[in-house]
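The following block contains the structure, expressed as C-alpha cells.
Chain lettering (A, B, C, D and E) follows the sequence in which the chains are written, and residue indices restart at 1 in each chain.
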C-alpha cells in the first residue's frame, strides 16, 4: 500500500515539477511561430519528395530522432529525473513533464497493454498541427506530426529504452483523436567497460 | 502632323478613313466656340434661289452658304482637299478669280497646320448661317426647348446605322467613336435655331441680304429688302420683345457672273451706291463662272453646327454637294471679308458702346454695394423699380426683359464677348449681371451657366483645383439647381393651365449646362483633378435628364472615357507609352494599357489610375448596347476592354456578364453572316410597333 | 440585404468568394440574393473599385521629406494611408447605383472587398462597426488559413471549414 | 550611409513626443500588445530552437536522399506494387524508418560538398525560411502591434519592421544596427545571431567554424526575402546575402566571435 | 579547499573529457584531455562503476541509492550521474562535503548548452561499436565548452 501511495505522490510531484519548470525555468516563444516553422518544413519536404508522403514521414521521423537525442539532455538537466523503473512511470514523465515543458500540453495516457510495455498518448491540442488542413492526397498517408515519434524514439533511446513510436490516428485525417503509440521493445543494458565482465 | 481638320473630325462619320489621327485635348473648347459662334441670317430673293437651283442643284442661297459655316478662316474644306491631292494636280486656288484675295498668302502658310492643332483656339473664327430673321421669328415659341431628346435619339440611331453599315467589328474605331460622341455633344449643346429670350447666342449678328445682279436685281430691290428687314418688328405680329433689328448688321451680298467684267464693275458700283444711300456695306460674290465647270469639284462637308431638324432632314435624303475649288475659295474669301472687315468690327463697336453706356453706369451705381442691392430686390418682391421698367409681358403673360433693357444689353455684351473669344470680359459681365437676375431664375440659370463656362473657356489662364472646387463647380451646381427650379415652377403652373409643355423644356438647357461643364472639365490639363467633376455632371445627366436609350449609352461610355483619362499627372510618364500617347489625345481605347502587365505591378502607379473603372463602365455600355441591339458598338466596347480583363479569372468566368456578352455577340455574328438581314430588321420593326 | 464578398490576391485574383443572403427569418422571408444581372456583374463592380481601394491604400505622404528626392524607389515615396487604430478597414470606398462597396486591407496586400446590395436608394450607408468586426474576424480566419502549411499565399482558399466560418460570421454581423 | 538605430519602441515614441496624449495612447497600446502577446499560446523556446536549427542538417539529408535517384525509384516501384499492403504495413514501415546520420555529421558534409550541391541545400533552406517569412508578416501585423503602423510604408519601414518585429519574434532580440543608402541597399547587422551561439569547434579552427555556420545563415536570408515578398518586393529585384563581420569592441563578449551582416539589395526599376 | 581534476564519462564508459590542475595557484595550469590520463580515467571509471553496481545491489525498493561522493583520506571524489548515462566526476580535497550542485550546473548549463545543443558537436562520442565499452577516444574539445567550464571552475581552484 505504502509503495502505491508513494507512487501516486510521485506522479503528483511529476506534474508539479513539470508545471514548475514550464512556469519558472523556461524561455518561451509564440506557439504560432513554432507551428509556422514546422509547417514550412513539412511543406518543403512534400515538395522535395514530390508528395511521396511515406518518404516525408520517414524524414520527419529521422529529423525528430536527431532532435530527441539532444533534447533529452536538456530535459534531464531541468528535471534531474532518474531513470524510470517501469513504463507506467515513463509514460507519466513523458506526458506530465516532457510534453508540458516543451510544448506546454499534457497528453492523456491510456490504453496500456496488459504487459504494461506499451501505451498511448492522446494528443488533443497539438501545437504542431494547429491550423493545418491536410490536402486530399495527403489524408491517407501523411502523418503530419511524425516528428514527435522521432523525438520520443531518440529521447527514450538515450535513457536506454528501445521503443517503437508511431501514430495510430490523427484528427487531421478525420479521426476522433490523435493517438500516439509507444511500445517498449527492450530496456538496453548499460555498457560495461571491457574486461569488467 | 495630322491631316485631320476640325471639320473633318466632326464629320468623320461620313468618311471614316482616318484611323490613327490624334486630336487635341481641348477639342471641346473648339466645339463650344463653334456652337456659340455668331449667327448670320441669310435673306435671299426667289429669283436668286432659283438661279442657284439651276446652277448647283441646291434649293437656296441659305442652303448653299450653310456649307461654309463653321471655321471660316481656316478653309478646312479646301485645305483638306489639297492635302488629299497630289501636288501637281493642285488647282491654282482661284487667286485670279476674285482679285480680292488677301487671304491667299495666309492660305498657303496655313496649309501646314489646321484648325485642330492651332495653339490659340481664338484665332479661328467660326460662324453659323441661319434662315432669314423673318423665318426665325415665325417659327417656334420663345420657350422651345434646346433640343428634343426624341430627335436627338433618332439622329443618333441614324448615325449608328450608318456606322454599322460602313464598318466591321475590326475597324479601328477609337477615333470614329470619339467623333461620334463629339458630334452628339455638339448637337446637344447647340441644336436649335430658335431664339431664346434668355441668351443671345442664337440671335443673328449679321443679316445677309442677297441680290442676284446677274438677273439685274439692283438698288430698288435692295432698298425694299432692307426696309422690310428693318420694319420686321412692326410688321410681324409676334416679333419678340427681346429682339431688335438695330443690333443686327445688314450686309448686302451681290452675286454676280464672274466672266463678265462689266457685271463685276456694275456690281461694284451698286455696292458703292448702297453704301452711300442706304449706309449698308455690300460684299461681292462671283457665284457663277464658266471655268467653275472645268475646275476640280470638291465635295463639301455637312456643317457641324446645325439644327437637329435640318440634320434629320439631311440624314433622310443625303445630298453631297460638290463645288469647284475655285468657287469654294472665292466664297471663303468673301466670307472672310465679311467676318473680318464687317462683322467683327461691328460687334466690337457695339460691345464698346454697351460697355460705356450700360456696363459702366451699372458698375458705378452698385459698385461695392451688393448688400444694398439685395435689400432692394427683396423689398421689391424680387424686382426693383428700375427693373420693373425693363420688363414686358408677352401675350401669354410671361415676363421678359425687353431688348433695350440694360440687363439684356449687358447679357448681349457678355455673349458677344464670348463669341469673340474675350472670355475675361464675358466672365466679369456674367458675374455682374447674375446679381441683377436674382429674381428671375430663367435668366439667372443661363447667366450662371455661362459665367462658369467663360472661366473654363479661358477667362482664367490656369484653372486650379481650388478654383474648381470653390468657384466653378458651385456655379455649375447653382445653375443646374436654378434650371431645375424653373422646370418645377413651369410644370406646376402648366399643370394649372393644362398645357402639355412640361419639364423638359428647361431641362434641355440643364442638360446642356451639364454637358458643357463636363466636357470643359475634361479639356483641362490636370485630368486627375478635373475628371471627378466631369463624372459628377455626367452622372447627373444620367440620373435626372431625359434622354433616349442610345443617348444614355453615349453618356455611359463618356463616363468610361473620363475614368480612362483619370491618370495622376505624376505618373503620366510611368504609364506605358501607348497609354500616355492615348491620354494626350484623350483616348477611350484602353487596350494597350490593359495588356501591359507592368502597370499593375508597379507600386508607384497603384491607385493613380482608374483603368479598371473605365473598363467597368465600358462593360456596362456594352451590355446596354446589346439591349439596343447595336452589335457593332457591343463589339467595339468588348474590344476596348479585352486587355483590361485579360487573365483575371475573377471576371472571366462563364456565368458572368463578359462571357455572356461575348457569346451573344458571336451568335449574332454567325447569324448575320449566314443570312437574312431582313429578319433582324423585321424584328426591329415589330418591336417598334409593339412599343 | 445580400452581400457579395471576396478576398482578392496580389494580382486581383480571387482567393475566396461568397455571396451572403438573408436567412429565412421568423417572418418567413425568403432567401434574398442578388438579382441575376447583378450576380453576373458583381465581380466587375468589385474589380472596378480596386482602383479606388489602391488609391486609398497608397497615398503620397506629404510629411515625408527625406527621400523624396531619391530616385531609387521612383520619383517619390508612397506610404500607406492608415490611421493608428483602424489600420486595415477602409470603410465605404465606392458605390454603384444602390450598391455600396467596402474594403479592408491586410498588410501583405490582400484585399477584402464586399458589395452591399439592396440598400436604400437614397442612403448607401453601411453599418461600419458591424462590417469592420466582420472583416476583422475574417482576417483572423484568413491568418489561420495562412498558417496551414499546405496553403500557399495567393492560392484560392478551398477549405470548407473556412467557408462555413465566414458564412456564420456573415450571419452574425451582416444579416442579423 | 545613414545610420538607423533600431532601438525598439523609443523611435516611434520619440516621433510622437510633441503630443503628450498621443504618447500615453501609444503606451496604452503598447501595454495592450504586451498583454495580448503574453496571452498567446507558447511553447518552449528550446524546442523551437532545435527545430529551427535542425532544418539545416535536414536539408542535407533530403539532398542526399534525392541524389540516390535510382534507389528512390526502386523504392517507388516497391511501394506501388504493394499499394494495398502499403496501408497495412504502413505502421511497420515508419517504425523501421532508416535514420539519417547525426546532425553534426550532416553539417560537416554540407561544408565538404561541392558548390552545386551546396547551393541546392542552401536553396532548400532558403525556401523554408521564405515560407516562414512570407507568412509571418500577416501574423505579426494582425496582432495590432503599434510598432507596425506602416505610416510610411516604404522600403525603409519594411526593413525596420524586419529588424525590430520579425527578428524579435524569431530570435528574441532585434537587429543591432541598420544601415542604408536610401537607394535600395541595406545592411542589417546582428552581432549576436542567436541560433548559432551554441555552436563551436575546438579552438584554432575558426575558419572551419565559419564554413560550418554559413548554411545556417541561409535560413534568415530566406526569411528576409519572404517578408519582403509578402510586402510586395519579390523576385529578381531582391537580393540578400550574409557575411561575417567583426563585432564592435564595445559589445560584451559573445560565444560566437563574429557578427553577421545581412546585405539586402532591392532594385525597383 | 581545492579542485584537482574533473572528468566526464559517457554511457559507453568512455572518458570524453578530462581536466587536471597541477598548481592550485595557477588555474590555467595542468592538462586538458591528456593522453597521460587515459589510465587514470579507466581506473577512476572502474572504481565508480564497481561502487555503483554494489550500491545498487545493496539497495531495495523504489528509493534510489546513488553514490554522490567517495571520500579517501586525502581526496573526495564527487560523482553526478544522469539518466542518459553521463557521469560527471570531480576530484577535490576531502574537506568539501558536496559538489553535486556544481556538477549539476556543469551538466545543465555547460554540457547541455555547448555539447547537446551544439550541432557541430557529436551527441554520442562513440562512432561505432569499436569505440564503445571504454574503448573510445573521442573528446569534447569545443571552444565554448572548454572556455565556459574553465571560467566556471577556476575560481574554485584558486581558493
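The rule we apply is simple: a contact is a pair of C-beta atoms (placed from the backbone, for glycine too) under 8 Å apart; a residue touches a chain by one contact, two chains touch by 3 or more.
Composition by chain, UniProt nomenclature: A = Trafficking protein particle complex subunit BET3; B = Trafficking protein particle complex III-specific subunit 85; C, D, E = Trafficking protein particle complex subunit.
On a predicted model such as this, the values are computed, not experimentally measured, just so you know.
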Treat touching chains as neighbours: how many steps, at the fewest, connect chain A to chain B? 2
Provide the labels of all chains in contact with chain C and in contact with chain E. A, D
Distance-to-centre winner among chains (Cα means, whole assembly as reference): C
Top chain pair, ranked by number of contacting C-beta pairs: A-D
Could you pull out the chain whose C-alpha mean position is farthest off from that of chain E? B
For chain A and chain D, let me know how many angstrom lie between their CA-based centres, rounded off. 26
Counting in whole Å, what is the centre-to-centre distance of chain B and chain E, each centre being its mean C-alpha position? 105
For the pair chain A and chain C, the C-alpha centroid-to-centroid distance in angstrom is 43
List the centre-to-centre spacing of chain B and chain D in whole Å, with centres computed as mean CA coordinates. 68
Multi-chain contact sites of chain E, meaning residues that touch two or more partners: 117, 123-124
Where in chain C do residues touch two or more other chains at once? 58, 73-74, 78, 147, 149
Where chain B touches two or more other chains at once, the residues are 603
For the complex, which residues does chain E have touching chain A? 11-13, 42, 45-46, 49-50, 61-62, 64, 66, 82-85, 104, 107-109, 111-112, 115-117, 123-124, 132-135
Note: in the complex, chain B contacts chain C through residues 563, 570, 574, 600, 603-604, 606-613, 615-617, 619-620, 645, 648-651, 653, 655-658, 660
Residue set of chain A touching chain E in the complex reads 3, 6-7, 69-74, 76-78, 80-83, 85, 158-160, 190-194, 196
Per the contact definition, I'd like the list of chain C residues that touch chain B in the complex. 6, 8, 11-14, 17, 37, 39-41, 43-60, 73-76, 78
Provide the residue numbers of chain A that touch chain D in the complex, in ascending order. 22, 26-34, 36-41, 43-45, 47-49, 52, 54-55, 57-59, 61-63, 65-67, 69-71, 74, 101-104, 127, 140-141, 143, 146-147, 149-150, 164-166, 168
